[in-house]
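Multiple structures are listed underneath, in structure tokens.
Each of the next two complexes has subunit A plus one more chain, namely subunit B in the first and subunit C in the second.
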Partner chain A sequence: MIDNIIQSETASTLTSEELQLINLELSHVPQKSGAAIDALKIVQAKRGWVSDECLIAIAKLLEMSAEELEGIATFYNLIFRRPVGDKVILFCDSVSCWLCGCENQKHKLSEILKIDYGETTKDNQFTLLPVPCLGACDKAPVMMVGDDLFTNLNSSKLEQIIAYYRKEGEK
Partner chain B sequence: MPTIIVDGKSYEVSRGKNLLEACLDAGLDLPYFCWHPAMGSVGSCRQCALVQYRDDDDKHGRIVMGCMTPAADGTRVSLKVDEAKEFREAVVESLMLNHPHDCPVCSEGGECHLQDMTVMVGHRDRRYKGKKNTHRNQYLGPLINHEMNRCITCYRCERFYRDYAGGKDLAAQASRDRIYFGRHQDGILESEFSGNLVEVCPTGVFTDKPFLEDYSRKWDLQSSPSICSGCGVGCNISPGERYGRLKRIHNRYNQEINGYFICDRGRFGAGYVNGDKRTDYVGLKEPSGTFKALKRGEVSYHLTRWIGDGNIVGIGSPRASVESNYLLQKLVGPSNFSAGLSFKEQTILKRQVSILQTTKARNPSVKDIEMADAVLVLGEDLTNTAARIALAIRQATKNKAIAMAKEMGIEAWHDGAVKNLAQEERSPLFIATPASTKLDDIALATMTLAPEEIADFGLKLARHLTEGDSEDPQITEIATHLTTAERPLIISGPSLLNANIVESAAAVAEALVRSNQNTQLSFTSPESNSIGSILLSEDQNLTLQKIIEGINEIDVLIVLENDLSRRLSAFEMKQINASSAKIISIDILENETLEMSDMVLPAASFAETQGTLVNNEGRAQRFYSVFPPLNDRLPSWQWVIELARAIGNKELSAIESFDEIVELCAKNNNFQALLSVAPNKNFRDHGLKIPRQTHRNSGRTAITADVSVHELQQTPDNETPLAYSMEGLNRDQPSVLTPFVWSPGWNSNQSLQKFQAETDGPLKGGASGVKLIKSSGSGVSVACDPTFSFTLEKNFWRLVPIYSLHGSEEMSYHTKEISQLAGLPFIVLSDKDANNMKVSDGDGVVVTGENLKMSISVRVSSRMAEGCAGYSAGYNEIEQLTADAHVQISRDNDWQPLKPVVIATDRIASFKSQDSRHV
Partner chain C sequence: MTEKVLTKNISKVNDTTPIDKYEASEGYLGLRKALKSMAPAECLSEVKNSKLRGRGGAGFPTGTKWSFVPKNEDCLPGHKYLICNADEMEPGTFKDRLLMEQDPHQLIEGMILSAYTIGADVAYIFIRGEYRLAIQRLNEAIKECYNSGYLGRNILGSAFSLEMYVHPSAGRYICGEETALINALEGKRANPRAKPPFPQVSGLWGRPTIVNNVETLCNIPHIIHKGAEWFKTLGVGEDSGTKLFGVSGRVKNPGCWELPMGTPIRQILENYADGMQTGLNFKGLLPGGGSTDFLIESHLDLPMDYNVIGAAGSRMGTGTMIVLDDQSCPVGMVLNLIRFFAQESCGFCTPCRDGLPWTRQVLEDLENGKGSEEDLETLAYQVKYIGTPGNTHCALAPGAMEPLQSAMKYFYEDFKDHVTLGRCPYEIDGVH
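Moving on to the complex of A and B:
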């Protein structure tokens, strides 16, 4: 019965699809808090980020305190606790990319987008974040836009990529 | 015992320790931050680095963390080698990168572990020139101040708050140099033990907020060895005073009782000592009904004129010292003396004492409770009635984890590993109460029962343990856990005012002890000297109710530190008021009893006098004054002597010192051991008195320079071996006379380890406190046959008391911060009852009974016994509600929720505009 109450309380915040996916994860773990990261990812996948309301709703569902879940959410820098743009650009600044001159590419990218690390474009289309390695060092410098990986970056490539996504965004 | 070699010198160390503990035990100064003797090691701060060598030939060695390395036999290490020293200095330098240079305005300054360690490693010059991190601080309630910038990320706060004390609303957030320890949002910390963060934090992130508002440096505080008077557990405390004001309370280590931690009532609940409700002068009631303040010189004249030689009856108090109670009993004679308890309280407490005097089970200290490996709680919400015991039970549930670790060869101090191994495995804890408790989260099973049902349940269990006749699966399960445990503990107490519960707890323990001699039986006691009062008046049965019956034959009624309105109904109070008996009240704070007295004598609080208190296990402990009483206040026992002089009682009039009272009292059979509780006033430590002030106490010669340039004489203390002075020796004396801890290079409370015989071990000054209750071991005879039941009555509810750490206790309630936290009185209803009544949380109900009709706010709980209604016990506004009363409860349709006392910060509003936590 308690479960029903919790579900109905959180239902207003979390969608039934999210609840379904989280419940599926719950069936795989011995303790509810074990599904914390997956639950956060599920919610973020649909909404782009995890709001306070969602965080509290997930915490209730997993029988955790908001503090405990917040500790997990803020520990991982790919769980976003603030709104992000439609596409998150993860720009690698790790050692291989640095050797291959990623700093210049980053300047170029910032110039195109008119934003720095941690910022979102005014039209809410892009958020730029640094990332320590995307596992494609042989093709450095690299970055990810949303789920797409782009390698061997140079100025013209960057312009093309951004132009492509801007167009996509307009559709 | 293993021998370790540190820098070429051999040291014998106790088995099962880590290198950090071993070095500290050897008297070596090895800096540390995250290790805590009660919480073990996690190796997060990297401060206790030393170099370990394989053997004699190994000249290079390797850096290891002292707290994470076992001190095995033959371990060779070096503290002094440059590599280790540089490493430790570098750790402090890196911690200082973001630490602000705000020591002069930080309330931790002067007792800061970070300061001590920085000096110890020799780090002086900061090379870092960059910007420091700035965090947003949170509002954490009226007790704790938050200053996150000072954090050095040792994780001690989170480990204490969550892992040790079971709090949920404080956690580490973010990662690397953005780590933040706090709540999800601004708000009052929920744990009853939050105050320990002040002492656990090695720097000034969490500090004592009331102390901050009325601040003095540690070295300027005058301290004393004292005992908390907040409840019956008797935690040892070290209160600090300056300018005649009680400034703060710190924990005072007692291995058997509180160890390193006390509850928030104990730490923050003594502000009433400085409050405006204190009685200052002798008051004589004039015909107009107002009090006239008498000059000190006039008092004895008025007393003599006034008392005469009529029939004098004395009412003692469970919150007054043994000595004060004893003296009053001696003055009025045993048959005219009442312990000052209501009939129910007296009956139950007396039974508790008689059980403890005969039981075959062990009567455990708090430390013993921590060692239990299966616990059954009958009828007590321990977190709110004996908070320190609840904290001990939380540790007891970890004994399974420690046992699992032992099997794997993991030492108990290896905290992270032990927790990781055990996951959710806990030693079994069973709780039978009428309402939810704060230990429910770690209980294997909770039972929501009405008081009679708890007693019935206990007896059923006891019968099953002896005869094995029950088929109730829950009873058989609990019985299995209790019988297979090595050190089972049954704990109960008087809080539900039901004697049968106490009886049933004894029955279970007696049944268990037949097969297991390590069975423990413990009872809580409600007030600081409840058990002392009972031991004193063991043979007498003069209850308050009996005094009222014969009130018209009494000429003078002397009430000692007892607000009778908390134990008597309004009707009974009226009877006393209407009688011709003259009432003399000796008390600390204004209260209803004082209001109706004819003469008021202002008493010294626990901070201004000495005395002995007997805790729940029957342990007598001495507390000492922190500062001399102000105004015309006198210790209660001195007032009783004044009364004796007025009456012409030669024996008592001749008493000149406190020690004489102790000697007299020791003639009472139950108090023979009283003489060994503490040394008498002639004790000297290496020929010197023991100073209450630190050797650095500042401004002694200048403190009154605005009045006179002559140095004031220090107030002499002729009653104790302690002095109101900085001269003397705070070293090598018995523990009972240790006012504060300090050692060269160790200015923080971590200097405690210099006073311990070994880390986490007994104090060098020996144990303090003497058990007055020793069991004869003859066994308790309990009738296991009775059955009790609770019948639901339509439209009637049974009132059961619900206790709050903040609010239920008489004295602490008069502390500003505590009364804020106490909030408004409430009624707790089961969700089923609430549903039928159509009320929900925050709605109002009308409670109607005999001479009773009031509207109260409602809390709905899924763990509240049906047919019972919990009421917030001890709240003055609803003092007409009494345990076991039958009342009608209905929805209050005109309920206007009263506005709670607003606890907020002016900073909250300004924060709302900024959503970033990390700037």
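Moving on to the complex of A and C:
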């Protein structure tokens, strides 16, 4: 009964598809809060980020305080509590990439996109974030754009990659 | 030519190995053998006898770890869990990605066998979220396994059942620490837990849990199929088996190769990585990821064995080396690492939460030409205070101090030059 009330309250914020996926996660954890990270990821998958409204709705659903869920959401690198662009660029700044000159490539990329770490381009297409070692150190420097990994970065390669995604975005 | 065991299905072309191809290269024979003719206790003694040591970095004997899991009659009824630690985030480490992307069934067979041995009925692959291709290929492979009767109820007609899930991480270096990983799987912040109780007794949801690294688990099918004695013959030094060794940094041919345990460092650097890039000389290396101590020229003839590298004052860690050349600044390199560790601290223990950003600040000052003699003393103090195990809950902070303390030992002149010159000596016209 209480479950039904909570579900109907949160239904206006979360889509029925999101609720369905979260309920599926709930079916194989011994306590509701156990699905916290999965629920955040489910909501982020379609929306790109987790808004305050969504966070409160998830917390209600999982019978947690919003503060507790916020503590979890802000702990993890890949949960975004601010809006991000269509493509999140994860730029590796760890040691092997550093040795192979990633700082210069980062400057070049910032120049092309006209943004720094933590910022989103005006057209809302790209967000640039640093990321710890992407595990492709033999092909340093590396970065990810969305789901795609790019290796052995240099200036002209960066130009080409961004041009490609800009064209894709126009479609 | 070295016998290829873990990488026999892996090529330069980044293809996956589908189930039929995996089966055609002796795949799932180990599992068939175990389920038909070996009790879990026999599997355990085979793994113990193989002297396999954990490939995630700590090098703990795998069979010994497994033997701490209580038998069914010694614990309350309920689940037991096997977790594959695929959260490869140690800076400079790129070996597990290869194993998962190109031969997912080898890992899955290793997990099924390990679960059978310890009596687990649920298995998770805790993988970093950025490994999109590996996640996709593992999920496909798991589906193939359910369809072929290798996973699910009554595997291959036996009494053994196992469910397997891929769990992509939401990202954080500390998730690689096994108790932090367990907290992350429970949906919490990934703060490490106090030990004891050890996860083998009370882990995921308070139940017996084993956490093993990807490469460790990939060895299991071969040990069960071909036996511990065969496995021991693979190493050329005191440790058994083969190992994925990697080299990154400014060498001619950076990469990852499967070689016998105990292969000398020089051989890996010169015969496989083809030496330094033109115009650069070797200065030092971190033998197994960002949290291991530097080794220098005089160590290059040492074999890559856990105890030998340990006796030289470092750790074999993940076996993926990061090479420092003579035109890159050692202070800058250590600063890059400390920045990473300061950022990735979970914030639970004071020396780590506050001490690492302090250390980072001192190194930044040095690198920017604002350092003093006193700063060098501060660094020496930090190394002692933050680096002593027991001052913090887990090994993140002591690990962070390893490259710093060894850099100060071997490259002290470089640190001093930053103070006396009032700038980074590796800077050319103000540019690094």
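Simple rule for what comes next: the second predicted complex is superposed on the first by the 171 of 171 C-alpha atoms of A that agree within 3 Å, B and C clash if a C-alpha of one lies under 4 Å from a C-alpha of the other, contacts with A are read in each partner's own complex, and residues count from 1 in each chain.
Here is the rule we go by: a residue touches a chain if its C-beta (ideal position, glycine included) is under 8 Å from a C-beta of that chain, and two chains touch if they have at least 3 such contacts.
Worth saying up front: this structure is predicted, and the values here are computed from it rather than measured.
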| item | value |
| --- | --- |
| Partner chain(s) touched by A:Leu78 [first = subunit B, second = subunit C, both, neither] | second |
| Which of subunit B and subunit C A:Gln160 touches, first, second, both or neither | neither |
| Which of subunit B and subunit C A:Lys41 touches, first, second, both or neither | second |
| Subunit B versus subunit C as contact partner of A:Pro132, first or second or both or neither | second |
| Which of subunit B and subunit C A:Glu70 touches, first, second, both or neither | first |
| More subunit A residues in contact [subunit B versus subunit C] | C |
| Partner chain(s) touched by A:Asp147 [first = subunit B, second = subunit C, both, neither] | second |
| Shared subunit A contacts, counted only where both subunit B and subunit C touch the same residue | 71, 75, 77 |
| Touching residues on subunit C, where the partner in the complex is subunit A | 88-94, 96-97, 128-133, 168-173, 184, 186-190, 205, 246-250, 254-256, 286, 290, 320, 322-325, 328, 332-333, 336-337, 340, 343-344, 346, 432 |
| Subunit C partner contacts - residues on subunit A that touch it in the complex | 29-30, 33-38, 40-41, 71-72, 75-79, 90, 93-96, 98-100, 103, 131-140, 144, 147, 149 |
| Interfacial residue positions of subunit A with respect to subunit B in the complex | 2, 31, 55-56, 65-68, 70-71, 74-75, 77, 82 |
| Residues of subunit B defined as touching subunit A within the complex | 168-175, 180, 182-185, 423-424, 862, 915 |
